[in-house]
Amino acid sequence: MAAPDLEILHPKFIDHLLGHRSDSGIDGFLGLQVMELEAGRLVVEFEVLDDHLTFIGNMHGGCLAALCDHCLGLVLYPVMPPGSWAATTEFKVNYLRPVSGGVCRAVAEIQSMTRRSAVVTIRVENDGRLAALAQGTCTVKLAEEKDG
Amino acid sequence: MAAPDLEILHPKFIDHLLGHRSDSGIDGFLGLQVMELEAGRLVVEFEVLDDHLTFIGNMHGGCLAALCDHCLGLVLYPVMPPGSWAATTEFKVNYLRPVSGGVCRAVAEIQSMTRRSAVVTIRVENDGRLAALAQGTCTVKLAEEKDG
Amino acid sequence: MAAPDLEILHPKFIDHLLGHRSDSGIDGFLGLQVMELEAGRLVVEFEVLDDHLTFIGNMHGGCLAALCDHCLGLVLYPVMPPGSWAATTEFKVNYLRPVSGGVCRAVAEIQSMTRRSAVVTIRVENDGRLAALAQGTCTVKLAEEKDG
Amino acid sequence: MAAPDLEILHPKFIDHLLGHRSDSGIDGFLGLQVMELEAGRLVVEFEVLDDHLTFIGNMHGGCLAALCDHCLGLVLYPVMPPGSWAATTEFKVNYLRPVSGGVCRAVAEIQSMTRRSAVVTIRVENDGRLAALAQGTCTVKLAEEKDG
């Protein structure tokens, strides 16, 4: 469950993101699509494509790592004041089973949040089976703090 | 320093990889190039491109995470018996400063290795300044153990 | 939730541990007591004592880290064949708020388990508020594999 | 190597700690002794005692985890303004080989430090062989920010 006391501070962000499918950047390479987004909880999916696999035939772990990093920050935006931004400062991921096709679905939940940082957990399922678990920290910054 | 007692078991892999620049997969998206590869140590570089940045103007953390995951496995191949393969089972990364351009250079070192797994650390520099640190575990598998 | 398909293979271990309060070792230093133990799920508690605090007045993070390490292994015993043992191979912990007294309660859950290893998550609450989150890997070994 | 640009801001702390052997708290349970302390680098040792072992005969992983947590904070004190304090916010540890006796020696190095936080790595050797690797984050706080 996500932290219980989170409030939506940026509802337009949700309107903007819901259903959005990235078409550039590393999230575009993966084909990430935002399926659900509410206070403290985000669901993102992508379809495993041939270009995500290694020569072994399994998905490159870097795809799951990038997915987790992406969700770690994104889940914070609705509960941050507009104009803020989030940067992952650290995370850890365990890969639980090889993925070779189908859909990967990440559920990110804010576990704890202060004004300046949050700890987020992520569960990734591949066709209904747990494929990865991640846990990490995001720093919340205001626009003027960009390089702090 | 890398673990002191590692031996090259697969010299052809080094010949094949040295200087190689990925042109497909997530490593191709990043543009990873193998600069150095020896027993227990790997250096990989890529140039930060616009498509690696987020809307904030900094590189997406997922690019560094994918880089680390990639190096974690790759550094093992020269010291595994030919026909084996390596799969990251877990890793952790700390991002130390924002990256917005230039070259990222990852140095991966095997810290400890048994017949079945290895612990690897990675230092990523961006234009000479430390940008990320990672530490993780790879499992070594023989071809017939692919889905174990 | 814990992995759904775990079976009790060592019921005597549960009978033996339930209610047990450690009186030696680092678990004895902490005063860990097993409150619940079932297939894939363990609850351990201890009371925060003055000797657990640092000169700042907050609990030493090492106490929570040791608690997490302890639970990571212990939760496996009921679902391993008798005679096996579990050794933590790696874990990561995030501290979410300072602890200065009261009771710490850790809930450990096996998220994924093969014949040879398991990934476990741990939530630590202090007087009802989330104080730490951990995630790690345990290796399962048979008695004869002790130093493998 | 530690971050290159660190300056001693609290030399008395070094004078006070060098050679000090903890006799209370979890560091006292372990018997930690500060062997070296300079800008960005700390060496701590302890002797493995019977009370540090589990029923298997190997050292409890929690002892190494607590050692790492302890060093993560301690290494910061000489380079923080007097009156500040350091709190580990997260770390990750990999155990590389079982420890059953002898001396454990941890070398902690600050890899990166801002005014408000630092990333630290730790190598633990047991009788000259690498036994654990850790990496984590400490938050720097001034006395008045204790519960922030």
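Order of writing sets the chain letters: A, B, C and D. Residues in each chain are counted from 1.
Rule of thumb we're sticking to: a residue touches a chain if its C-beta (ideal position, glycine included) is under 8 Å from a C-beta of that chain, and two chains touch if they have at least 3 such contacts.
This one's a predicted model, so the numbers in the text were calculated from it and none came from an experiment.
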{"item": "From the options B-C, C-D or A-D, the pair that copies A-B, where over half of the contact pairs coincide", "value": "C-D"}
{"item": "Centroid-based (C-alpha) most distant chain relative to chain A", "value": "D"}
{"item": "Centre-of-Cα separation between chain D and chain C, whole angstrom", "value": "22"}
{"item": "Distance between the centres, which are taken as Cα means, of chain D and chain A, whole angstrom", "value": "32"}
{"item": "Computed distance of Cα centres, chain D from chain B, in Å", "value": "28"}
{"item": "Junction residues of chain D, two or more chains touched", "value": "89-90, 92, 94, 137"}
{"item": "Residue ranges of chain D in contact with chain B within the complex", "value": "3, 92, 94, 96-97, 111-112, 119, 121, 130, 133, 135-137"}
{"item": "Residues of chain B that touch chain C when the two form their complex", "value": "89-90, 92, 114, 137, 148"}
{"item": "Residue ranges of chain C in contact with chain D within the complex", "value": "24-29, 51-54, 56-58, 60-63, 65-70, 72-73, 85, 87-95, 98, 146-147"}
